[in-house]
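Okay, here's the structure, questions in a sec.
Letters are used for the chains, namely A, B, C, D, E, F, G and H, taken in the order the chains are written, and counting of residues starts over at 1 for each.
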Amino acid sequence: MSKPYNRLDIDQAVVLLVDHQAGLLSLVRDFQPDQFKNNVLAVADLAAYFKLPTILTTSFEEGPNGPLMPELKAQFPDAPYIARPGQINAWDNPDFVAAIKATGRKQLIIAGVVTEVCVAFVALSAIAEGYEVFAVTDASGTFNAVARDAAWNRMSSAGVQLINWFGVACELHRDWRRDVEGLATLLANHIPDYRNLMTSYGAFKGAHRDPQAA
Amino acid sequence: MSKPYNRLDIDQAVVLLVDHQAGLLSLVRDFQPDQFKNNVLAVADLAAYFKLPTILTTSFEEGPNGPLMPELKAQFPDAPYIARPGQINAWDNPDFVAAIKATGRKQLIIAGVVTEVCVAFVALSAIAEGYEVFAVTDASGTFNAVARDAAWNRMSSAGVQLINWFGVACELHRDWRRDVEGLATLLANHIPDYRNLMTSYGAFKGAHRDPQAA
Amino acid sequence: MSKPYNRLDIDQAVVLLVDHQAGLLSLVRDFQPDQFKNNVLAVADLAAYFKLPTILTTSFEEGPNGPLMPELKAQFPDAPYIARPGQINAWDNPDFVAAIKATGRKQLIIAGVVTEVCVAFVALSAIAEGYEVFAVTDASGTFNAVARDAAWNRMSSAGVQLINWFGVACELHRDWRRDVEGLATLLANHIPDYRNLMTSYGAFKGAHRDPQAA
Amino acid sequence: MSKPYNRLDIDQAVVLLVDHQAGLLSLVRDFQPDQFKNNVLAVADLAAYFKLPTILTTSFEEGPNGPLMPELKAQFPDAPYIARPGQINAWDNPDFVAAIKATGRKQLIIAGVVTEVCVAFVALSAIAEGYEVFAVTDASGTFNAVARDAAWNRMSSAGVQLINWFGVACELHRDWRRDVEGLATLLANHIPDYRNLMTSYGAFKGAHRDPQAA
Amino acid sequence: MSKPYNRLDIDQAVVLLVDHQAGLLSLVRDFQPDQFKNNVLAVADLAAYFKLPTILTTSFEEGPNGPLMPELKAQFPDAPYIARPGQINAWDNPDFVAAIKATGRKQLIIAGVVTEVCVAFVALSAIAEGYEVFAVTDASGTFNAVARDAAWNRMSSAGVQLINWFGVACELHRDWRRDVEGLATLLANHIPDYRNLMTSYGAFKGAHRDPQAA
Amino acid sequence: MSKPYNRLDIDQAVVLLVDHQAGLLSLVRDFQPDQFKNNVLAVADLAAYFKLPTILTTSFEEGPNGPLMPELKAQFPDAPYIARPGQINAWDNPDFVAAIKATGRKQLIIAGVVTEVCVAFVALSAIAEGYEVFAVTDASGTFNAVARDAAWNRMSSAGVQLINWFGVACELHRDWRRDVEGLATLLANHIPDYRNLMTSYGAFKGAHRDPQAA
Amino acid sequence: MSKPYNRLDIDQAVVLLVDHQAGLLSLVRDFQPDQFKNNVLAVADLAAYFKLPTILTTSFEEGPNGPLMPELKAQFPDAPYIARPGQINAWDNPDFVAAIKATGRKQLIIAGVVTEVCVAFVALSAIAEGYEVFAVTDASGTFNAVARDAAWNRMSSAGVQLINWFGVACELHRDWRRDVEGLATLLANHIPDYRNLMTSYGAFKGAHRDPQAA
Amino acid sequence: MSKPYNRLDIDQAVVLLVDHQAGLLSLVRDFQPDQFKNNVLAVADLAAYFKLPTILTTSFEEGPNGPLMPELKAQFPDAPYIARPGQINAWDNPDFVAAIKATGRKQLIIAGVVTEVCVAFVALSAIAEGYEVFAVTDASGTFNAVARDAAWNRMSSAGVQLINWFGVACELHRDWRRDVEGLATLLANHIPDYRNLMTSYGAFKGAHRDPQAA
């Protein structure tokens, strides 16, 4: 009756960042803007930190949808970058799927805008082909909370796992001893409350353990 | 363990608009009124745009429930129109079911008022007969968010897929290249933020790509 | 892949009203008090209207939990009334189960206070014994929305169907022609917006179709 | 101790529409987008309906702030249109103030984006010069409800009157007999619930009093 | 620096019920419907209980606005009833003002739909003529909480006192000993939590102090 | 144009605890129950800590309103305790006013249930007699946030100052050096986040500065 | 089609308290702080009351995460206490799993901070090994409600049962007659509304049944 | 009747940053943490950008309150820094007041933690001495929205002006032509939606006007 708990694994996971474009981002209203930007950059940072293969894709970036967030381009200069000529579901783009297959990995960590389309369509397609799919709930945004709830329901019903970026980071890291400084820096750079804890801790100890902000 | 992802298909889908009547609309309080009206008209517009067979039905329209929204009648003058003499579940009306069967299609896109009755009863009946059922979450309204949550839970547990109108439009369209102007117009007419993007884009380019508002 | 849609049936359904006691009602904060009282009385009214066997039970009513809402006692003077001597899960009380079995019915409509205990425990026990169980979401209350969400999740995962009183009434009634006046009165007495529709309708028509308030 | 109640007067009022530009509109998050667009167009419609002098102004419209909403331009082709070269407070622009003074009127109805700057700065400047100032609360938007609350507080403390577009329309109209059809059309075009009432009323009466939608 | 606290006085107060009409009630969304209906009936009950002169007025009741709530008509069969032929501000109707003046009283308790028009316009007019004005906050409704906040701000800035029906009842009653049974009945009939307290109290005491429900 | 800032002063302030009775507390829904109880006990603790004269009063405590919270009785065994025989406004009770006058103090810190009656009536009466009045916003509760907002508006318009218990404590204490341990204990006992800070601080320092919980 | 309802059983259940540390607690924002602290202490109290084996664990308690809540340490001085040297998922710590196995029990009641990591990882691992897992929803906290919703979804999809502390207590107790005083004390100490009921009840009866507060 | 509108002036304004300490920040719950941190840094950036004299102060920074946010120290290395030895109201610290007076300026822009104490006490003291006081609403935080509302009310009643950081920046800047690049950079660095507009604008124009992120 119980089945194995397949954790996210740094040797099995790929990160797919789908359509975080300047125009489309203005549609996102299920998160407060500062919070959403921070969450997207946190996913990017964790992908970089764990050296996960990362694939970028955009939809019509020369039109109203606008260009990809410059921070993402800057962080992954060598990542596969698929500017889709028209496919709404990135999975319909052979280059996108090929880039995933080229990694040989089976765990997909997906974030995108908007949740019910750019994330859900890819997620459902990937599940259907046997991938383990993790939708990053807080780095994927849409028009409002009602739209989000429906998108989550549809993905979850199909077997997609819902997880926030913090959960992804912790499930990948597994043990603080793997790199205390690295994980602490990642958390402090994206969780103000955690940085506060580290600031106080550093002051109390008279030590200089506060990681440098990005 | 994985099953195929059967997408909404313009050759397989039928749209069922159930009981969007002037009186019943006053019961809807899980959406803000401007938003809900816009969502219902968006479903009508997408049905027309994708030329999906569309079926209208009402419950006791000569009584307090009131007449169908005039915009819907106007948009689908030739659609099957079943003014039910009493059946609460439209599926209990043989003409309604016959109209669906006459299309030979197996994907039902349902929106209606109120969600837990006019939408859910039809959805559950259709699932039981083997249809693929998609409830349009944001063009279906009810008394409050708690009522909506329960209705979604009951439908989802039975296999109904929950999806907002934007998701429906995008899953049907599949590729922007199918008709860029058409989809952009549909979106801009019902998503103010998207129209803003197009207005700015048009101004920046000095072009006149902004589609005409309805 | 699809299974039959077993609707609530006036010949199969029993109503269980569990622990709507004056003291316990003060614990309910996931509904606004006017709304919750109205919902509970609506379930009572529909039980009476559809002549469904109805079973009342209380927990320690002579202590702080307080007596049953007097309106319920008054409405069902001849119903089985099980003042439990201590069992928290009413299903643990043989008289309660015996009263259900005596009806020979298999569909249980349950409402109670608080949701995660008085409703959920009975619902889970009944599901385990093969009953079809419907939890009346808006006539069952608890400490806050978070408690409600968890209780719904636990029940739904076990196969309990979540449905509000309006859904129950409509699924039982099936066709307005069964008794237009009766259903309209039930709705108007518990849905102010529906009464408003009827008031306007009556005035416009110059008729006196507005059902008498209770 | 009491002072006169100076009502909005169709012979004394001017409408100022400040910076409803496509880019700036994407910053507005204290209203749901469908609702806000509707409210802004309602103010434009009431200005046109009551033939109030109307003044349009924009800030840097050729830059990221984007062009004025095309609907506003279209509705007031002959209105003074001040594309400010840099002044953030429109009152600092002599042409803007001159346009107001040219009307000879003393009641200013102001709506704009964002509330605490484009509306509040003009409102505070105008109050200081002895105008009666009415800020249209629901056609003025900003980053979030907290920003709105502070902006309202600052304006109200200075003597600005807060009023929504519906209040403006009703205070100007004063008596339905002035033009029943006209006011009803204005309301129905921007209040879905009011249109529903008119649709039902029209149907019940068998008359065709439902005003044409725009 | 301090001024006298002029309390509501049963010999000085008049109740004005403005436009609680079946159609207009469907516009009210800043209160949950069960709650709002209860609040309006509570004001009516307190007016009757304290034998306050009460004046009813409606706006275009033969049109879409609909007839007055039947409960109000029934409760005040002999009250002045001004069906206004067109004036939006009831104060513009000479019969309405005459009815107030005929009472010789100076404290006006006003409730109505919608708050920013039917209540605020009357309130501002009355303040300007030297009346003490009390707006009943929870028996006056409007489109949403933002509209309510602005209406409250405008009234409060002009000197109107904001008070809910419970405050009105308690300020009028002053001392429980004036009539314990009467006030308790009024409260229990409109505050479910208070009825629960009385039910438990009655049960504990073995007494029959629970007042009869209406 | 500026007036002096009269701070709360430990030699001038009196604490009035009005009607925190077991029955009436069940009416309070504008605060979450754990939070409200904590706030009330915090006011009691600060009154005791600063040795402020404290006056307790109740309304009909032998009836459904129920007895005073036992914790308050226990904490102030020798305080004036006025069980009012019927006056709703405690200021109408001569013993209550006499108890205040006996202190010779002019700053009243008032908390009670419910806000718009038990707190506001006393506050307005006291303002009218020239007292400085501080309503403790978070130790005063009522039916819902709308009721609270109106009550605050009425009190504030009359000159009552709104302040939470934390503000009261800090304004009275003025300087940490007056008693570091004492204030820290008060805060930690009623602000879980502050206790967490002290727990971490104590652990980091290896010291035992964490004050004992009550 | 139905499966047995395995209730929580005092002879089968173990309580796991995971990472309720002073620093991590400052990250919890999906509950109000007073409420969350109360909930955590309620779980501790019920574990002690039912004499359930209880296991404590912390993550890096000498760093910014801070020490365990002192109240938990104090309440379970002899419980297994696993200060994990680095494992994020407590299940990866052999001592933690060994402590669970040593109890020979199969029902795990888990509460912790934060929900999607410290609770979910343990829960998923335990489910995979065949345990029955109950996540205590209101004694587990995280960054915000969106994070909670996703965490619940992931756990529930894997078979974890969601239940609040009140549900746990009632399911374990089963019958009030097992120990009326004990359960009443537990409830009254952590549910202010329940204490109010008992206070009133005690006063009405003239008895001293109010259990002593902790 | 009207009084002059004294705008914030770069030659008259001083910025006071009060107690933004790592420990105290964990108490702030009326803003989402990412948002609050961003707002505080925005005030710091605008102070630096407009070269406003800026004064830093802390309360007991070596204790649980924790050290000042390192970013603030880093940005104003030469600013007066008053580590108060105990005064809760910074105005009671002579060095703090002296630092203000040394600037010779009369407009105080205050932000701090927590709002009702660290901000309000200073604001009320400064108003009493004739300063113009502006409380930065969104860079001042407290326990919850109810605490904030009361603090705003108290300050506003005393003449403090409430304004968010965006309003401060715009009122100081006055005209875009003063420095287009500078203001745009400030806005883009702290308003994600504004950066998106600039990103799209830059891409459309093929220009590189997007200011560098900090």
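The criterion applied here is as follows: contacts are C-beta pairs under 8 Å (C-beta built on N, C-alpha and C of every residue); 3 or more make two chains touch, one makes a residue touch a chain.
Which chain is which protein? Per UniProt: A, B, C, D, E, F, G, H = Hydrolase YcaC.
Everything numeric here is computed off the predicted structure, so don't read it as measured data.
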Path length in steps (a step moves to a chain that is touched) from chain E (Hydrolase YcaC) to chain G (Hydrolase YcaC): 1
Same or different residue numbers at the chain A (Hydrolase YcaC)/chain H (Hydrolase YcaC) copy interface, by half rule: same
Result of counting contacting C-beta pairs for D-E and B-E, higher pair: D-E
Centre-to-centre distance between chain H (Hydrolase YcaC) and chain B (Hydrolase YcaC) (centres being mean Cα positions), rounded to whole Å: 48
Centroid spacing, where centroids are CA-atom means, of chain C (Hydrolase YcaC) and chain E (Hydrolase YcaC) in whole angstrom: 33
Whole-Å gap between the CA centroids of chain C (Hydrolase YcaC) and chain F (Hydrolase YcaC): 41
Shared interface positions of chain G (Hydrolase YcaC), touching two or more other chains: 23, 26, 32-33, 66, 191, 193, 196-197, 200-201
Chains grouped in pairs wherever the two touch, ordered by label: A-B, A-D, A-F, A-G, A-H, B-C, B-D, B-E, B-H, C-D, C-E, C-F, C-G, D-E, D-H, E-F, E-G, F-G, F-H, G-H
Of all residues in chain A (Hydrolase YcaC), those that touch chain B (Hydrolase YcaC) in their complex: 23, 26-27, 59-60, 63-66, 85-89, 92, 114, 116-117, 120-121, 124-125, 127-130, 143, 146-147, 149-151, 153-154, 157-159
Contact set on chain A (Hydrolase YcaC) toward chain G (Hydrolase YcaC) in their complex: 1-5, 31, 137-138, 152, 156, 161-164, 166-167, 170-171, 173-178, 180, 184, 191, 193-194, 196-198, 200-201
Chain A (Hydrolase YcaC) - residues contacting chain F (Hydrolase YcaC), complex: 197, 200-201, 204-205
Of chain H (Hydrolase YcaC), residues touching chain A (Hydrolase YcaC) in the complex: 22-23, 25-26, 32-38, 61-62, 66-67, 69-71, 191-193, 195-197, 199-200, 203, 210, 213
Chain D (Hydrolase YcaC) contact footprint on chain A (Hydrolase YcaC) (complex, rising order): 26, 29, 32-33, 144
